[in-house]
């Protein structure tokens, strides 16, 4: 059964220097509060996995938490670049990071295969793309029935997964609603998992086929109201698109970024 | 977009002699009304695919519709044998049928792969089982990353799929609720599909992540109230467990079966 | 003072006792389902029961006749698709115990639910594998419950539908990423466990008033008995009462309509 | 009498016109999203729009800033998981048109959204592939919309993130189970299509008041023009009005909070 912990305890107990960490949420339900707690605890040398690094990894990379990034689309959605990611990749600031990149389809399949306990995912992918030339994890297999050449990628099996969700009941069962992304897969694929939630309730009020993670499939739950902001939680608050646009200016400059980080992350405690 | 047809038209238009047909519903939402219409139209030489043949295929096999059966568990759930299936396999009555059998896990993965447009499914399966000795479609591949030996089966891509569902809206979008089984996968895996529904409504009243098949992913919809009975439709009527128990007596004897078929299928028109 | 009970009741109650409150159990239909729900209604109220129809953490009030009765879905935490059930929940490693029945079982706990006789010309055609072949390897361990008879307990099964320890007792050796396999077989006469080293099933406990001769008589190979042969504790009155209530409710419900 | 409009508006309106009411369109963020929703709000009210976040058949009232804004989910027929989106709906063959933008495009319609310069020492690091590599091969055809400039229209892309017709125009030959690839490129100056046989992009229509010289000037290879070079029809007042309303609503919404 899942343990109910404070966010601070959840992070300090379950995330270690050098871990492979997946923090997911496809635009929706991105676990920003947990990301900030990781920054505050100055956890280092993480291999970070996320389809879309988004602002959360831009912040963590800028804060020096990462040594490697596995991703499939590294921009500020609808705005432009992730300047902290670019600064690390192009100039090695605050430290150089290794990158390993995929397509969305391959990463989605790799999470799916991880959840399914398989070592590989098979897809009709990467045809004609140069990505297999720069990512040696992408291989090709031949279908034993048709002879078709198909792409294969290793499944994703993180040490720790962190996601945000709408709510948990008091037994620790968690409801995810709306753009569910790969929230279920990334929790099931991981050795350990932390789920932050908007609130803890008596009854999930979930439909019969709702996306519910049972308590026994989760390691720790931490209540973190507005824990996905400036991303959003359907039914609770909207995406702060204005902040996503402002981030371009904040992140473009190292000093502005560091000031922002100090004021908005270090000077604030965990919820 | 899906065509709204009578059940009679849907079957006569889309199911031909010799087709490969999957009629699914994992205990729930089994399309019995459509099965009876196929029997009435005396369609022959079908290759029938279903994880659990259940009474619906026992009836169709006894009526002489099938030349081949692909399945993974061929019993009357909680009751015993499917006597018409056994009579065809053991004694060739009313005609001999070829069988190809899998495990549930392999068939579920084969449907999933069919829906995903892939030629094969890969699973950790059939370890130590004799099934690969009697089903030459089961092969083994080596994972290019770990060297692990994994089972591979061809995906299922039927000519026609038939399922039952709770309801369609007037544009032909379909809601499936409860034990959704492999209803979504089997429709998406097929070249053509017929969905029978309890009712056609103005608004599906579906949750945000409900199992909804869009109209453009379905070939034909036919209204068939109680179309899953003696199976059931959650929210409409319960499984007729007493009939499942009675079926053992009806199906055990060829003559009793033929009388039942005449009275309950041939003498009744399509709804 | 002893209570009156049948051998079937003794079997179900003993099978139920093998389950504990913290288990996640993938439940086969029939005897395993009866035992698993009895456990839930007695000593293991929080046990997680999962049926292959996709019902996660279900709490049926009556025993389902099929693996997918509406009751299973309505009382579940949530219901997922069948591919998800087999891929994420079973193959993904979330099942601690797979609980199976069978038509035939041999000395290495291999199960046959496919057919008696030859595959291409069967004497008796049985239902087939269903979920069992992958439950047996993807669950962390497997419990089996089945009535004891010479027809069922054979030296070598006619067909290995579902592997126990293979034809030689060694099928699991050097196969990565699979579970321990069968750890206990509970019958209406006794409890059997694979012998460490050989993996051959030996009797580790006799049910009350059952003799060695009865077990020998009902087993198709030269069955061996553990040195420290135990006697299974008798059913308690509470266990019997809960089991009988459950079966009465179930019978009334299915005869219902 | 001519209406006033910008080159960007001309581009979006022309891109929108490429879509028809019966299409199932997998929509990229930015320009494709603007064009696809304009089509839906004008001549193609029943077009099915799908975003990679899992939102099936969505009808947003404002343009999403990200691929996964709440608006997309709330106005969708249903929302599925991301693996399901890529596996069942895209790879499963249900998408008639993939609508993409890009940072670089070459004469064989290959797209680069990965980087400028060398992979291990990039001059400019771009966001990467996202959904595009598989949209380009699993959708039945691909539309591309992008602003015309010498920086964008290059003879050979620095990196083939997403295949058009490959380095030699022949990459799709003899590859089974894939779509036709790019069939049209719509810019703020003109419409380009792959030439039958060579698959090299040629200009098939110029937008009103655009000259051949402007296109030549903005293209990084010796661009050719179709013999029957058409002129794109001007925007209608209704198209302009709907587009401007949509953009105004969108701007107000995102600046909102």
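Per-chain residue numbering starts at 1, and chain names A, B, C and D are given in the order in which the chains are listed.
Basically, a residue touches a chain if its C-beta (ideal position, glycine included) is under 8 Å from a C-beta of that chain, and two chains touch if they have at least 3 such contacts.
Note that the structure is predicted; figures quoted are calculated from it, not measured.
Shared contact partners of chain A and chain C comprise B. Should one ask which of B-D and A-D has more C-beta pairs in contact, the pair is A-D.
Distance between chain A and chain B, defined via averaged C-alpha coordinates, is recorded as 39 Å.
Averaging C-alpha coordinates per chain places the centre of chain C 57 Å away from that of chain D. Distance between chain centres (mean CA atoms), chain A to chain D: 28 Å.
Within chain D, the positions touching two or more other chains are listed as 73-74, 79-80, 87, 91, 138, 177. Touching two or more other chains at once are residues 117-118, 123-124, 148, 178, 180, 184-185, 208-211, 234 of chain B. Under the contact rule stated at the top, the pairs of chains that touch are A-B, A-C, A-D, B-C, B-D. Partner chain A is touched in their complex by these residues of chain D: 29-30, 52-55, 64-70, 72-74, 79-83, 85-87, 90-91, 110, 114, 119, 122, 124-134, 136-138, 159-163, 166, 171-172, 175-178, 253-257.
Those residues of chain B that touch chain A in the shared complex are 117-120, 122-124, 137, 139, 141, 143-146, 148, 150, 152, 154, 177-178, 180, 207-211, 234. On the chain B side of its complex with chain D, the touching residues are 115-118, 173, 184-185, 188, 206, 208-212, 214, 216-217.
Across the interface of their complex, chain D is touched by residues 26-28, 51-52, 71-75, 77-79, 81-82, 85-86, 89-90, 101-106, 108-109, 111-112, 123-131, 134, 148, 178-182, 184-185, 211, 232, 234, 238-245 of chain A. Those residues of chain D that touch chain B in the complex are listed here as 24, 48, 56-57, 73-74, 76-80, 87-88, 91-94, 138, 177.
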